[in-house]
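The two complexes that follow have chain A in common; it is paired with chain B in the first and with chain C in the second.
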Partner chain A sequence: MKFEKMLKGGLAAVMAMSLVACSGSSDSSAPAADTSTGSDTTETTVAAAGAFKLGGSGPLTGGASVYGQAVKNAAELAVEEINAKGGVQFEFVMEDDEHDTEKAVNAYAALKDWGMQVSLLTVTSAPGAAVAPLYKEDSTFALTPSGSSLAIIYADLINLADPYGNVFQMCFTDPNQGVASADYLSTHTNLGSKVAIIYKNDDNYSTGIYEKFVNEAADKGLEVVYAGTFAGEDNDFNVQLSQAQANGADILFLPIYYQPASTILKQAKDMDYAPTFFGVDGMDGILAMEGFDTSLAEGVYLLTPFSADASDDLTKNFVSNYQNNYGDTPNQFAADAYDCVYAIAQALEASGATADMSAAEINDLLVEQFTSMTFNGLTGTDVTWNTNGEVSKAPKAVIIENGVYVGVED
Partner chain B sequence: MAFLSYLINGLSLGSVYAIIALGYTMVYGIAKMLNFAHGDIMMVGAFVAFFALNSFGLPVVVSVILSMLATTCLGVVIERLAYKPLRQASSLSVLITAIGVSYFLQNGAQLLWSSSTKVFPSIIASGSLRLFGGALSISYLTLVTITACIAVMVCLTLFINKTKTGMAMRACSEDKGAATLMGINVNRIISITFAIGSGIAALAAVLLCATYPTLSPTLGSMPGIKAFTAAVFGGIGSIPGAFLGGLMLGVIEILAKAYVSTQLSDAIVFAVLIIVLLIKPTGLLGKKLSEKV
Partner chain C sequence: MKNKKSFVGNLFSRTYRSRTISFLIIIVGYILIELLLKTGNLSSMFQSLLVPVTCYIVAALGLNLNVGVSGELNLGQAGFMSLGAFMGICVSGALSSAIPNGLIRLVIAIVLGALIASVLGFVIGVPVLKLQGDYLAIVTLAFGEIIKSLINNMYVGIDPNGFQFSFVENKLSLAPGGKMLISGPMGATGTNRIATFSVGVVLILIALVIVYNLIYSRSGRAIQACRDNRIAAESVGIHVANTKMLAFVVSAGLAGAAGALYGLNYSTLIPAKFDFNLSILILVYVVLGGLGNMTGTIISTIVLVLLPELLRGLQDYRMLIYAVILIVMMILSNNEKVKNLLSLLHQKLSFGKTKEAEANE
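Coming up: the complex of A and B.
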C-alpha cells in the first residue's frame, strides 16, 4: 500500500502547509505596504541641548513599512518645526520594530537605555499591545499615532477594564470607527439606506468595527440587509457581492484593509454592481497600490481623520513641507504622528516640565495635561482624551474623485 | 437563475484549480512525487506576466508566452537542482525538499519584488454576456477562463495519447524500470513533465490574476493547496481526474458559500474530500495499484 502511504504523507504535509498558510495570513492581514522607500536607517537623532528625549518604534522595513516611514517622516518634521520655534526642545529617535511584537519589546529596551522620557509608543497595533504594559510598569508617557486596537490602552480586554492610564491614542479605536461610520451613514441618507457589509472574520480590526457598527446601526435606524465574511487570503467575493446585490443593498460597508477591497471593487464592477462603497481607515492606501486602476475607486467614501487636500492653512503647510522634504503626499498616519508631537509639545509646555526631570515625573504631569487639555491639529479640532486614553474627535469623510481624496462638505 | 450564476462562477474558479491541479497530478503520475513548489512556480509566472504587462507594456499574448517560458525554465531548473539528486531517496525526503523549494521561491520573491501587494492589470475587457433577457450575466473573463481550461485539457490529453513523448510518459508512469529497459530516457521524460506542468502553471497564474487581481509573493500558497486537494479528490496521477476534481472543488466551494455559510465554505470543501477518500481512497478517477512485492 505504498500509494496510500504517500497519500497520507501528502495530506499531512497539506495540513502542515495550511497551518503555515494560516500563520502567514495573520501576518499579511497587517497592511502590507510598499517597502521601496528602502531607507535602512533604523534610527535618526535630531540632536538638541536640554531637550526632551522622544522615542518610538514602528515598521521602518518590511510589509508595513509605508506606515512606519510616514510616521517617522512626519514626526521628524514636527520635531524640526518645534525645535526651530524655541520653547520646548526634542531629541527624537525612532527604532525599527518591523511590525513584530518581539522586536518592539527589544526596541523599547533600546529606547530606555538611550534615556527616553516621552514616547510615540508604536505605529501598529500588535507591537503596541505588547509594549504598553512595559510603559505602565516604567511610568513612561506614551501617545500612539496610529495603534488603534483597544489592547493598547486596556490591560483587561474582555471587560474593557483596567486601562493603563498613561498610554494614549491619537487615532480612533477600532470600535469607534464602527460607531463613527454608523453615525455618518445614518445622517447622510442620500448615500443609501440598505447596508451590506463584507468583513474579514479572522481579523480583530475588521470584526471589531463590524460588531460595533451593527450594534449602532440598529439604534440609528440603518437597515443591514447582508453581512458576508471572508478569511485568510480568500479573493473570491462573487458570492458575497451577488448576495449583497440580491438583497438590494445600496451601500457596501467595507471595514477591511485595502488589498481585499481592491479585489472587491473590481469584481463588483465586473458584475455591474455599483453601490456606494464605504470604507474606514484601512482603505487608506488603495490609491498607492502598484498597478491599481484608480477609476475602480471612483466615488468610494472613506472615513479618515485627515485628507491631504483640505484647504485649511495647517493642512496646506504640512502637506507642502512634507512634500518638499520627502517627495510624497502625506497619509493619515503621517498626520496623526505630526499631531502627536505637537500635542506632546503643548502638554509639556503647559505643565512646565523640564528636560532634566525623570520619565516618571514627566509621565504624571502629561497624564494630568492630556486628560484636561483640548488640542487642535491636523486630524481634528477640539480633540480631547478621556482618562482611559481614548481620543474623542470628529471623523471626516473623504470621497475619491479622479484618483485623489476630496473632502466631503456637509 | 441565481443558482445558475453561482454554478458558472464555481466552474470558473474550478477551471483555475483544475489547470493548477494538472501540474500536480502529471508530476505525481510520472515522478511519483508531490511537488509542493508548484503553487509558487505559478506565483513566479504571475509576477513575470505582471512585469511584462505593466513595466514593459508588452501585449497580453506575448506576456503570457514569456511567463510560460520563464516558469518552464524554472520548473526544469528546480527539478535538476533540487529533485534529481534525490531520485533514489525516500518519498518523505523529496516531499520536505519540495516544501523547502516552496519557501525558497516565496522568500526570494519577497526579496526581489517586496511584499507589497500589486494589482494585476485587466487583460480581458470587462463586461458580460447577458442571457435570458439579462437575468443571467456571465462575464467575458469567466468564459475565457473556462474555455482556456477546456483547451488545455484537450491538448494535454491528445499529447499524452497521440505523441511518442506522451506514450513514453505513460510508460514511465506505469513502470520506470521497464520503461528504461525499452530504451526510454526516464530522466528526460521527468524533465519534460516538469516543463509542461510548470508552463501550464503560468497560464493558470494569468487566469487567476485576471479574476482575482491582487498579486503578492504568497499568492500561490492557498490556490496551490486547493489545487492539490482537487488533484487528490479526482485521483492523483489521473489527468481527467484533476480536471473533474478541480471543477467539482470550485463548484462545491462557491455553492457552499452561497447556500450554507461564507464562514464554513472551506470546511465543507475539505469535509467532502474526506468523505470521498473514505469511500474511494484513490480519489474519484484514481487507479487502484496493487503493491508489487
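Coming up: the complex of A and C.
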C-alpha cells in the first residue's frame, strides 16, 4: 500500500511540475499580435520564395524561459521591422529547447527539417555547446545572442583551439566578463578595494566568470578577501554574507543569475550589510522579477552591454516598440537578439546572398562577412568578430537608481 | 513439421506471449526504421530521437524489473545513468587514440558503464535491501542527488601521463596533448559522438533477454515471491535480501549501460541533466506501461519520448497538451470501466482465435 501511495505521490508531483513549466510561457504569449512565427506549412510555402529561413532555439518553457521569451520577442520584432523595410526578407521560427541539451538537439533537427538556412543557435550555453558541432557538420551559419560559454565556439577548450568557425557570439564570453569586471573594479577604486565573491559552483556560467575574475584580480592588484559558493536551489546565504562581512569586504561581486542575487540582496539588507554590489549580465532581469522589491537593488552596479534607459534613438525606438508589442521593458537578452537579426541582415545584404541558396552556400558568405564587417547596434558600436567567432565590443557599466538602469559615466 | 508448430505455439503460449511480442516490436520496428533510413524518408527530427529512445527504453526496462517485478521503488535511476554516462565518456575519451574504431570503444564504454553502475548498486543495496519498507526509495533518491553533486564538482583530465583528478576547483594542469574529460558543472564537452541506433537496438535486445530470462527463471519466481509475501518467501527458505539484490543490481547495470550510450550520443553532457526529474520521468514510463509489463514499458517509453517532439507544431501549447495527455492516460489506464472494456475486447479476440484454432484442427 505504502509503495503505491509513494508512486502516486511522485507522479502527482511530476504532473504539477509539468504544469508549472507551462505557466512560465503563458505570461508573455498574451499580447500576440505577431504573425511572423507561424510554423504551419501554408505560410511557409507562400513566403519561401524570397525569404531567408531564420531559426533558433531557446527555453520557451521551464525555469529559464524568461531568457528564451525575451530573445524570441526581440527577434520577432527585428524580423518584422526588417521585412517591412524591404530588401532582405526573413521567416523566423523559434523552437523550445527547455534549456536542455537533449531537447536542443531535437529542436535543431526540427529546424533542419523545416529548412533553416541561418540560425540564432540557442539562447543558453549548455544547449548551445551541444548543437554547435552539428552546425559545423551541416555547415549552417549560427550567431548566438546570449550563449556565452567558450564551449559554444571552441571544440578544444583546454588550448582554446579548433574553433568551429561558423558559430559566432553576439554576447561576451564568460571569461571576458570576468576580465572586464576585474578591469572595471581596479580602475574605479572609489567603489572599494576588498572584494568578496559569492558564486554558484555547479553552474558553468558562474564558475567560468569566477575563475577568470580571480586570475585577473591578482594581476590587477585587487584583493579578494572571501569566495563563497552555493549550489542548486540554495536560498540561504546568511553564512556566505556574514563571512564576507567578517572579512571586511566592501565590494560583493555576484557573477550569478538574478534569482539567487535577489535573495542575497534581501538577506544582506536584513543583516545591515551594505557593500557595493557588483553583478554581470546574469543580474540583468532583476528589476522585472515578480515580487521583487526593487528598492533592494538601489545602487547595484552591473556590467551589461545594454541599458534600456540609454538616450540614443536606436535604443529609444527599440524599447518603445518592444513595450508596445510585449508589455515589458526589454532586457539585455532581448537587445542581443535584436542585434543578432540586424547583424545577420546586414551581412546577408552585403554578401549578396539570395534566399534560394543552400544553407552551406550562405554559411560561406556569412562567415566571410562576419569576420570582416563592423556592426553598430543596441549593445555596442564598432562591433567586430574574430575568425574564432568571438565578439569584440566595449562593456558598459550601469547602476540601478530609482528602479531603472542609469549608465555610469567614466 | 509438428515440432515447428509446437515451437511457434510455444512462443505464443500464455507464459511467453509477452516476451515474443516485446522482441517482435523491437525487431520489426528496427527493420522498418532502417528501411526508412536507407530510403531517406526519415526526417532529421526522428533520426535525432532514435538513440535517446533506445537509451530510455533500456533504463526503463531495468527500472521495471526493480519496481514492477521486485516491488522495490527506486528513485535514483538517473543517478545510475549518470554514472554510466560519465564513465562511458571517460573510457571513450581515454581510448580514443588506442582504439580508433568507434564501435569497439562504444561497446567497451557500455560494458564498463554497466559495471560501475552495478557495483555502486550493490554497495547501496547491501545495507538497504535488508530493511523492510520504502527505504530503498529514500536511499536511491539521495544517491541520485549525491552523484549529481559529486560529478558537478569533479574535474577529470587525461594527458600522456595518465588520468588527472581534481575536486571542487579545477587545479589540473595538463601536459600538451591532454584533454579534459569532465570539467565540473560544464560536464563533458567535445565528446566523440559514437553512439549508433543499431547498438542501441542490440542493447535493448540484450536487456530483454536478461530481464525475461530472469523473470522466467527460478530466481525470478523467488523475486516475485518476495514481492508478494516476504514472510511466506522467507518461510520456504528464500534469502530475501539477496534475491532483491539481484533485481536491483541488474536494474542499476542496465541504467549504467543506457547512460553510457546516451552520453556518447551528445557532444556535450552536463551532470545536471541526470536530476530527480529524469528519474521520475523514467518511472512514469514504467508505471504507464504497467508494472512488470515489459512490452508496455517499451510502448509507453516510445510514445512519451516522441509526444513532446511531435507536438512541436502546436508551439506554446505543447507542454500543456503533453501534461493533459499524460494525466488522461494515467486515469484511463486505472479506470475500472476501461479495464473491463479492454478485458472484454481481449476475451472476444481470444475467442476468435480459439475458434480459428479449432477450425484449423
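Heads up, the rule we're going with is that the second predicted complex is superposed on the first by the 361 of 410 C-alpha atoms of A that agree within 3 Å, B and C clash if a C-alpha of one lies under 4 Å from a C-alpha of the other, contacts with A are read in each partner's own complex, and residues count from 1 in each chain.
As a convention for this text, a contact is a pair of C-beta atoms (placed from the backbone, for glycine too) under 8 Å apart; a residue touches a chain by one contact, two chains touch by 3 or more.
Quick caveat, the model's predicted, so the values are computed rather than measured.
Trainee: In the superposed arrangement, does A:201 touch chain B (first), chain C (second), both or neither?
Mentor: both
Trainee: Does chain B (first) or chain C (second) touch A:272, or do both, or does neither?
Mentor: first
Trainee: What is the contact status of A:356 with respect to chain B (first) and chain C (second): first, second, both, or neither?
Mentor: Once the two structures are laid over each other on A, A:356 reaches no partner at all.
Trainee: Once chain A of both complexes is superposed, is A:243 in touch with chain B (first), chain C (second), both, or neither?
Mentor: After superposing on A, A:243 lies in contact with chain B but is clear of chain C.
Trainee: Regarding the shared-chain residue A:313, is it in contact with chain B (first), chain C (second), both, or neither?
Mentor: Once the two structures are laid over each other on A, A:313 reaches no partner at all.
Trainee: Between chain B (first) and chain C (second), which, if any, makes contact with A:290: first, second, both or neither?
Mentor: In the superposition, A:290 touches chain B alone.
Trainee: Applying the touch criterion given at the start, work out whether A:126 contacts chain B, chain C, both or neither, answering first, second, both or neither.
Mentor: The second partner, chain C, only.
Trainee: Touch test for A:61: chain B only (first), chain C only (second), both, or neither?
Mentor: In the superposed model, A:61 contacts chain C only, not chain B.
Trainee: Under the contact rule defined above, give the chain A residues that sit at the interface with chain B and also at the interface with chain C.
Mentor: 2-3, 6-7, 10-11, 13-14, 17-18, 21, 25, 201, 231
Trainee: Please output the residues of chain A touching chain C within their complex, sorted ascending.
Mentor: 2-3, 6-7, 10-11, 13-15, 17-19, 21-22, 25-26, 29, 37, 39-40, 60-61, 95-96, 100-102, 105-110, 112-113, 126, 129-130, 132-134, 149, 151, 155-158, 201-204, 207-208, 211, 231
Trainee: Help me check something: in the complex, which residues belonging to chain B touch chain A?
Mentor: Listed in rising order, the residues are 2, 5-6, 9, 13, 32, 34, 36, 50, 54, 91-92, 95, 99, 102, 114-122, 126, 128, 137, 139, 141, 211-216, 218, 221-222, 225, 228-229, 232, 236, 253-254, 257-258, 262-263, 266, 277, 281-282, 289, 291.
Trainee: Over in the complex, which chain A residues touch chain B? Could you list them?
Mentor: 1-7, 9-11, 13-14, 16-18, 20-21, 24-25, 28, 32-36, 62-63, 66, 201, 228-236, 238-240, 242-243, 246, 259-260, 262-263, 266, 269-272, 289-293
Trainee: For the complex, which residues does chain C have touching chain A?
Mentor: Listed in rising order, the residues are 43-49, 52, 71, 73, 75, 133-134, 137, 149, 152-153, 157, 168, 170, 174, 178-180, 183-187, 189-190, 193, 266-273, 277, 280-281, 283-284, 287, 309, 312-313, 315-316, 318-320, 322-323, 326-327, 330.
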